[in-house]
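Right after this note come the structures.
Below, chain A partners chain B and then partners chain C, in two separate complexes.
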Partner chain A sequence: MGMDRREFIKSCSLVAMMGLLFGCRKVSLDALAAGEPGLAQFEEEVKLAISHAKRQFDLVKVARPGLLEIPGASSVNRFGMAIDLDLCDGCGKCILACNVENNVPLVPAEDAARGRFMHWIDMHGSAPFMCAHCGKAPCERVCPTGAANHTPDGLSAMMYKRCTGSRFCGANCPVQARKFNFNDARKLGLAHQFNKNIPLRDKGVMEKCSLCLHRLQDDRLKFKTSLTVGATAEEWRGRGVKTACSESCPKNAIIFGNWLDDESPLVQRTKNRVLYAPRELANLDPSVVFMRGRR
Partner chain B sequence: MYRFLMLVGLVLFLPGACALGYSVFQGPSSWMTDARTFWGTPISLFVFWIGLAHAGTLISAIFLALDIKLDRRTALIAELSTLASLVIAAVFPLVHLGIVENFYMVAPLLDVRGIFANIRSPLVWDFCCIAVYAALSLLFFATHLKARRNPTLEKYCKPMAWLLFPLVLWVHTVVSLDFATTFVPEWRGAFFPVYFITGAIFSGLALVNLLLCAEGYRVRLLERLQLICSWILCAIWAWEFMLKGSFCASAFIFAGLLPQLRMVAFIRESKWGRMAISASVLLGLFLERQFLVSPEFGSPAMASFGWVDWGMLAFSAGTFMLVFFGMLLLLKRFMEVDGSYFGEVDGRDIAEVEEAEHKDSPVRLGVEKTKKGFYVHPWSSEEYHVLRLPLLLGIAFALLFSLWVWGRMPFENVDLSLANVIPLFYPVVALVTAVALYARAYFVEKAFALHRIEKILAASVLVLAGTCAGAFYAGGASERGAARDVLSENPENRDLPVQTWNARCATCHGSDGKFNEKFVREFYPVPQKLDLLRLDSLGEDSLVNVILKGRVNMNAYEGRLTYSDALGLVRYMRSLAEKEVANDSAP
Partner chain C sequence: MGEPRVPEYGAGTIPFDHALHGDSIGLDCAACHTGSRASANAFMPSKADCMDCHRLPLTEKPGIETLDSLLAKADERPWSHGRHLPEHVVFHHGVHASAGVACADCHGTGYMQNRYGGEKFDMQTCLKCHRGETFREKGFKPAASYCAACHR
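Our next item is the complex of A and B:
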């Protein structure tokens, strides 16, 4: 049985061709092996999470969030949200919108049965609750690597690549707003990258609500590139940006904005309202608050 | 006997190592983690073993510092158990991490990106304090071990005990503060340091008593102390129950009730009875740690205590037995020299034996101490004279260190207060003092000689420590000014960018912003044209970065230009490009 040179080169180039074609595939190998879950599964999980709703927070009155007290804080921007408890009916659409926007993975069945979800938004009573982006964030204080840090604009941010997974931040969050990636969701076929601009998080990394940081960054970049020379009078205030949850809310009960900008919908809508925060967070200067009743 | 125990250790170790390997591979989901705090078995094992690691040295150092007679063999066993426990305690925080290979990010080392470990985190205090403690207990053990062969070293035992006594309390307090400074309601409380230290001493006494049983003798003093510790711990548990309503019944039974059986003569006098009591204390305290670390213990939201957890437990016990008895076999000839005596095995009073020994020994150090009822004022005691100068050095160094950190010299963008430095204060004092003490003993008094291997080892440890300190300093200082510069940028001065451009940039980029084609075409890749569209799409920040950091053939101008200079240049570049657009569209 022999193979002449021509045959040999032919088969070699065929193999190389196959390899190249395989390399050009759009779907990653892991995804091919596991198969990505569809939107329906995410909807199912959100329903399950709502049925597992945690007990209601003990809310106390807080003052309107003001200037941040951290070194290097911006004097014009402090982003935050207010959730109108008079309007919210606990439909849970915000959770799904958040999952799709931020590629939040599903959890394995046994975790779901225990009520351990990766959702950045939890249901407390019948109201959504996410990370409050506290001005004096206890999670950032204890993070040994500086992966949890505060941006000058008042977001409590996460550097995923810097995180070693010591989970000290999770232990020190009084309201358990942080979620830990116990599993490699991609390998288990539990992740779906709906939003290509957001990376899927690795196993062993903490994550939480980012207040849709990427939307703010995109807007800031757009603002900066449209700047003209010499015209420095105007500062970027993040006007017009909305988080995924506030966009999806059918009752418009989640209001995103800039606490330091008088034109921001957040400031306008919270005028003459009484602001509340969970008792555990009241002294930590939260940026995400609840409102109920008129003054 | 030791070989048999090592075999038992090996039997425990091998399956344990498999479980440990699996847990590292699988990550935190494989063991029991708390639903609320995310912590689990590795942390409770860490707290358990770090407690044991503090007790041995503490017992030995306290007894030495307070002039309570403890025979050499028991003291050495206690110290050795400390070192073996430290090895195990070092493993579990690593296993606990979500991404094990990133552990080095906790250490405050050099980082050119300007990202820096958060030195405000209690974990960083922990890391530093335990490292200092490990170094000093090793030194203490070595001194103690060699003192019999080289009696001049005896002089350094007590000063070291004086140093270690507060250090142990300090370090264990810092470990307890990991918990007490958090917002977890079950972990809050100012009594936590006392609680942790009592638990540590209690478990350490139980461990030493257990090891003494294996040795075949007993020390009644330590047994009595163990009983007393159980009462103190019960009092603290009662306090906690009244305060928070949390109570761990199994820990109370094993570590609170069962040790009281020592009061029954029949059990006390039996070797197996004593072993059972000590083992029950260890078990109870482990359960107590588990209960403490996982506040949701037993709730349905938590995973159950599975085979990986059992495996890790077996791993820790097995490793301890292997390391401890292995070291004991290795160091046998150093430990059992003439005149070493065993607890109360021959029934003689220790003090008598020691006095007899001192009469024989050629060097009569600390002789006045052997006389009963003889009081020496601390400030005129011998150990104080030995310790005085190094201690002064240590305190001076620690003060300088605090001032340095407090002045925020290295840490421009970290909000650091004095409270963040205090946890490191005494460890720094102790470390510098010990180094100065032994440096003097070696170089000035020539109290001991080192083998070649020991010399190399010591030198490499010093070099390593120096490198770490240097990297710490450099890491803190990287990219210091940049953050501040942004805030104070001042593009008012319009002439300066023009001058800078013509002096430095025009050679390649041309004074009109078009390339100096003659010159530039020699380069590959040919630079992009700096037209208006491209400048706008890049944005000011990235262009400033190109100027400061350089790119492809462009040199880095950091150090020669400040941030605001570069910003001025970028804006000037843009105005040149605008002019060109105007010129193009004009005709």
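Our next item is the complex of A and C:
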């Protein structure tokens, strides 16, 4: 033993100090080493995703979305989107905007190399595709916990805290719109909470396009405290709300709005157009549709 | 659970007694918690809110002048009051106030307010009105009961 008692006690207390300093931290040493990812990495990943674009969907004509056929459906609000394929050039700005707005995590390099990303919007051909918020959603039917459910105003909502990770919903979606958190993104240093209003998801939870539910919620809550509440019979219609993807599109190709509101840009811009949806979704009453050509 | 003899220390270690500052002197919660009628967050009071009343001696008790002068000289200490609700819960004070819910319905009265929430808050507390029968008894409008109304 080359060490004397003094040295030994010194090194023991040093180890104890390190334990206290690092053992109590919420952030693991892996993440400390990995660091928090910056915006540049998210941009790189989006570029990579576009280069891995999957095959374009077969589009078939669908009727204009109307009243939802579910019990308790609202008669005045049904939110949805229309994507104008004549205007879209596949630039991918919508994907980046969505990722930043919703704190979507990066994926490990092996997954990225295989073209598997956590992005809620995926490029198919040169068209962006995300959850279509089907009125007859096959995912909601098979969720064992009710985490996948439908709101009265037309959103296919995903409640992360109820999700137990069965992945039945992901398996049942005919177009693979749902993404599963196989990794603990926080621990691996793959997540960045760009938007403090949205929680980061845990490992083992499914996620997908939420039609920017948080923006709709904030708008509705603001409406309910305005001075005219109770004075008039006016209902909240979500006017003026835009999803992050629709806001970011430089060609205004993504139109968000309310299918049941005549003043909504969605209704006005789809008036004389033919509406399409992927063949697999045509009978499921999608709220997100595509447009191409003039009638 | 009787009334404690001394006021318990609140979120900011200031020995403030809600029982002394409430209905007994006709003070409404919104006088200090300025967001409670129309904002999402009710906000904690600033020094200016205290000084609004404590500029002049309010009682004949000895020590009130000491309190007032110390308060006037104290520096503005911002609250380090973190959000108690988990990230995935959306709660808007203004919407509930507009619907007729009184502050005391959730936060209790008097000394109970010295402890956050007066009682422990969990989803069951919310469901009493959002899904149960309490809202009818109290005469509130029916509240939204689909998940996405309050969760994100």
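Here, the second predicted complex is superposed on the first by the 256 of 295 C-alpha atoms of A that agree within 3 Å, B and C clash if a C-alpha of one lies under 4 Å from a C-alpha of the other, contacts with A are read in each partner's own complex, and residues count from 1 in each chain.
Just so it is clear, contacts are C-beta pairs under 8 Å (C-beta built on N, C-alpha and C of every residue); 3 or more make two chains touch, one makes a residue touch a chain.
Computed from a predicted structure; not experimentally measured.
Superposition of the two structures on chain A leads chain B and chain C into a clash.
Residue contacts after overlaying the shared chain place A:I255 against neither chain B nor chain C. In the superposition on chain A, contact of A:L155 is made with chain C only, not with chain B.
Of the two partner chains, neither chain B nor chain C is touched by A:L266. Touched residues of chain A were counted for both chain B and chain C, and B has more of them.
With both structures placed on the common chain, the touch criterion links A:K224 to chain B and to chain C. Touch criterion met: A:D202 reaches chain B, while chain C stays clear of it.
Residues 72, 146, 159, 162, 221, 224-225, 229-230 of chain A contact both chain B in one complex and chain C in the other. Taken in their complex, chain A has these residues touching chain B: 70-72, 114-116, 138, 140-146, 159, 162-168, 170-174, 176, 180-183, 202-206, 221, 224-227, 229-230, 232, 280.
Residues 38-40, 86-88, 90, 92, 94-95, 97-99, 146-149, 151-152 of chain C are the ones that touch chain A when the two sit in their complex. Chain A contributes residues 72, 146, 149, 151-152, 155, 157, 159-162, 197-199, 210, 213-214, 217, 221, 224-225, 229-230 to its touches with chain C in the complex.
In the complex of the two chains, the chain B residues touching chain A come out as 27-29, 33, 35-39, 96-99, 102-103, 105-106, 115-118, 120-124, 127, 181-184, 300-303, 413-415, 483, 487, 491, 536-537, 539-541, 571, 574-575, 578.
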